[in-house]
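Structures are listed in the sections that come next.
Okay, so chain A shows up in both of these, paired with chain B first and chain C after.
Now for the complex of A and B:
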């Protein structure tokens, strides 16, 4: 059967076809680029909607002429295989390319060329672009909240100390490594709490007392997610083991706990911690709002952690349990030395996802009046001297959170690859 | 003896622990409430609420009871969840399939879409849409019509409303179409199993779905008119659209943020599902002579769906729970209306927070139970 071979190259004439094709694509790209960057319409002589469709049509014909199963030319084959397998793909390729080119000039000019960063008041922002002056002026507030300016070094020092203590595991001597779990689960949280309490809260050693209401900004996000992270993991482990237990009472208590926290939204949990929980405390007992919120988020995330860890426990083959038991190990010995090390390795991605969700959930504490980054933005947005810069603020915060979360997810991939054991 | 202790001691201790904690909390609550002169009870639900809600699906005014306010909030939560679920499914399926595309540009654009929207906290996204993006929209008098009849303004999205006559006839026709499609499918399956004949069920079903409701317009006395939004001057500088339905900007911001955020997770589920069907299945199906459409419909999709549906339902559940962030931008959902305004007015913290939590818990557990049943049903039964 004779197939119609209109504008279809074969191996003999591909050279000519590819030259004509690339020229056509070049024309279409030039048209779009001049349209987007120079605001000139090269094809204004064409009637009506044909002007807008012109680059698309020309580009499609060009790509169609270059399409061939195998040409021998590496570049051309690579191109055909990746962006030009059929007409539909070619169309999508062109659409994506064109929309990127079209979107570049306005976003670039808004973010960079027409933007202002000099000066330190609203008047400095005269251009039509973004007002980064706003971010510059408010930067310390966004990072440290209402914490007094002259004491910011205390927050920085505390963070550096806590991070440094966290890395102790890397430098620990080989014969002390078996105590690492103990260190991270019990000693490290206590030390971190003491460091943050004495440095950031102050009140002793000649440091002025700063109440938690003044804490805020990104540093508060870090403090809340840090404490929730280190507390929710061991708690989650306990409930995961509880749910797998043979003892019915413990099993059902764990199930109730997990299903309850997983069934309610975090925002109601936060409401509970701020309005309902004080009613359940003894009369003359005062618990700081920040502490209540941290407890609430920890209890909440522990349920998610527990489910992830349970998944790991379940996926271990029965033989591991049997083997451990046949060596005469008891419940705790079996879990600590055989089951948990393997199960935790399996659930690294899941745990990382839970932690990521936790970090992304921390801005929610804004609804109970703790001004971390999102809260500070809301505050800055309504400041009469700085009205109308909501866009800049949210883009800034989004970039910061994006970098943190993206880094975390990439790190979890690395961990996963590192601890992957062949089964 | 030793064994019995090992078995019962931990359980008794656990029970004691739980009882002690709950007892401690209840006693505290009792004394606290006595001291402050608050009494515990749900009688307030039938009292007059005397606050107004900006946007509600059912008739509601300040003279209605707190129970009705609760219903208004619940319906608003369900509305925003429902719309977002539809959008996030459509977007998620498109992005998930795009991530498996052979086209380098499409694959990577989809991957970056996922990485981008997934790694920004949902609350920030909601704020961004509500306070930054939607505030840049034109005022009502300056808005251009979208699709000729709808107006996207800074005060909300105005769409035409439908005025039905004899709506019930139309609905009955639709119902009849669905029933006849089910009957047709059963008949076709029967025919295929016994005689090996195939009939184009999809084509017939579509025809039924279009023709029967159409008949109701021609013979059933059903008529449909559109009420278009009209620009109206309120005062010298303030304009508003009247008629039609107005969707408040809070709803739009919430739907945008929720569906974009959740679509990334749905996309990952879809991708995992399609990748999870082994290539051999496709080749085997093709080698027994099924057409590419049949391969997709009869071999790939049933297996992929088995992997896709459970985690996707989980995402829908997350979306419903996340819709409670509405409280942050004052969309009157369950949390804002009930755990916010009603709590402020009555001061019944314990009762109201428990009702709110129980409502979400009920929704979650119901869907979880349905999912478990479904999973059991579609499980591959190994012989």
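Now for the complex of A and C:
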């Protein structure tokens, strides 16, 4: 009979060991699962503290027995290489696994099984779980803020128009392609501004005027992020080039700009833009609060963009500049055709990073009284009729923000893959 | 004798406190081929980089095709467009195809119509025998092919002068030949060339004059045959004995 060497599993006794090991792990999993889902303790015959540790110990022994180098079994090798390299990693693996299993039933029952979504008032929420009725009732507010219900179509139409205009670049004719950058940097923002101004603000063409103070919810998040994104990128590019300029005036202006905006917190900038800034303006000059906030965030993020882009510019070998110059290209031609296309490609991850941070910074505009998605939540949770549902609201907002940000990061990966060329 | 196309007089250049070029005097007539050799760090590359002002000199005059190069020179781009340059590291634009590498400058600097530029580029690529690679990207080509493309790219600007900065130093021996062949045929076409190289075979074959530099000075300047047969200075003799 084959002797079982308990301490040293190897290729010869792989069968015995892997089977015994899997059985042990299975037992430990069954124990945890039954504990978590059925609330029964299979090992109640063991003394107190051992009951808790039982699955961990059994699982560890099981994993230890399965740890065979080059077993020849693909699944086993994969397992051993990634989560079972030594006893410590095996312990971590088990702990994480058990925590997930333990956390699953309560969160599932809170979010789904014990949750309510029917009805349209707080009384409908009788269960112990989440009250999605709250989200349902407030959904329009979360999306459109205080914007009058009967005009929501105006926001929708404006967004569809702006998105459609954004895709124009894809369908442009070949001979117009060279104006693409011009379109996206100058023409598109202007058109988008006009669309949003005339449709959402209204005031002409028989559309009723709606104050920006009434705007809010997710649509405001989109509006603020959209304008900040498209303006801060070209501005950042200008300052990145400026900081590397040979002309001292331009260089030091750029450095001052970047260091100033990087040195102040966004929340102070927003306060300044809404409280202090109007004091410096002539009395008859009026600039909307929303516009001021967008300008403030744009200027702020442009400084970050500038530094990211400068990193890309610096990583290009000097030979690229030499080659472009030797072909007779001046500063602008060199940068537009040779330097920037390469540098911008390199900084896609960094720019995506900055943009994601920007989108997640937008809730800060709450401090100046503009209620975008997170701001609406804060308003809703203090509504006397709906007290006590902050959790549902924040989970809802997290999911929405996560979807937006994940989509953006996926898009940036796509761009990276699309523009990848070998060096 | 015609007027020299490149004229350098009493030129001095410093990098910080370090003087790289000392009292350089050089005249190059049109259609002549000059080979510059010397040990590394002797200022050869810096010298030819001064000719299209990729490096700035501090003292003396450099006159290229009747234009003086100085801080006051306004249309430095115009002069550079007439002086092609080939680099040791090729310096192709990796984000553009081979064809686009060659047409970029003619289209945007010389305002040539796109079609004409493409025809010209294909023609030049054919001369260096890589017209079949026109739609590939630089990263997909071998070093020798990349360098030949760099030569074609410079020629697409139809320059009057070509500068070569150690064009074969980053290549392995088999590829050196294909690049040198391209340069030889260019030389036979009558181009004015200044070549920094260690390829003495190439110097013997095409050069009209050879310049030997050391420590930032021109030590010896002689006709090719004379240079190899009867080098005058001891430093040159030492160098030649090591390299040949």
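Keep in mind that, in the parts below, the second predicted complex is superposed on the first by the 416 of 423 C-alpha atoms of A that agree within 3 Å, B and C clash if a C-alpha of one lies under 4 Å from a C-alpha of the other, contacts with A are read in each partner's own complex, and residues count from 1 in each chain.
Note that in this section contacts are C-beta pairs under 8 Å (C-beta built on N, C-alpha and C of every residue); 3 or more make two chains touch, one makes a residue touch a chain.
Keep in mind the model is a prediction, meaning the values are calculated, not measured.
Of the two partner chains placed by superposition, only chain B is touched by A:409; chain C is not.
Of the two partner chains, chain B is the only one touched by A:248; chain C is not. Once chain A of one complex is fitted onto chain A of the other, the partner contacts of A:52 are absent, as it touches neither chain B nor chain C.
Look at A:315: by the touch rule set out above, it reaches neither chain B nor chain C. Contacts of A:381 after superposition on the shared chain: chain B is touched, whereas chain C is not.
Of the two partners, chain B and chain C, it is B that touches more residues of chain A. In the superposed pair of complexes, A:394 makes contact with chain B only, with no contact to chain C. When the shared chain is aligned, no partner comes close enough to touch A:16: not chain B, not chain C. By the touch criterion defined above, A:264 reaches chain B but does not reach chain C. In the superposition on chain A, contact of A:279 is made with chain B only, not with chain C. Touched by chain B in one complex and by chain C in the other is not one residue of chain A.
Within the complex formed with chain A, the chain C residues making contact are 49, 52, 54, 77-78, 80-85, 87, 89, 91-95, 104-105, 108-110, 137, 139-140, 150, 153-154, 157. In the complex of the two chains, the chain A residues touching chain B come out as 81-83, 85, 89, 92-93, 96-97, 247-250, 253, 259-260, 262-269, 271-272, 275-276, 279-283, 356, 359-364, 366-367, 374, 377-378, 381, 390-391, 394-395, 397-398, 401-402, 405-406, 409. Chain B contributes residues 7, 10-11, 14-15, 18, 25, 28-29, 31-33, 35, 101-106, 109, 115-116, 118-125, 127-128, 131-133, 135-136, 321-322, 324-325, 327-328, 335, 339, 343, 349-350, 353-354, 356-357, 360-361, 363-365, 368 to its touches with chain A in the complex. Within the complex formed with chain C, the chain A residues making contact are 317, 319-320, 322-330, 333, 337-338, 341-342, 345, 419, 421-423.
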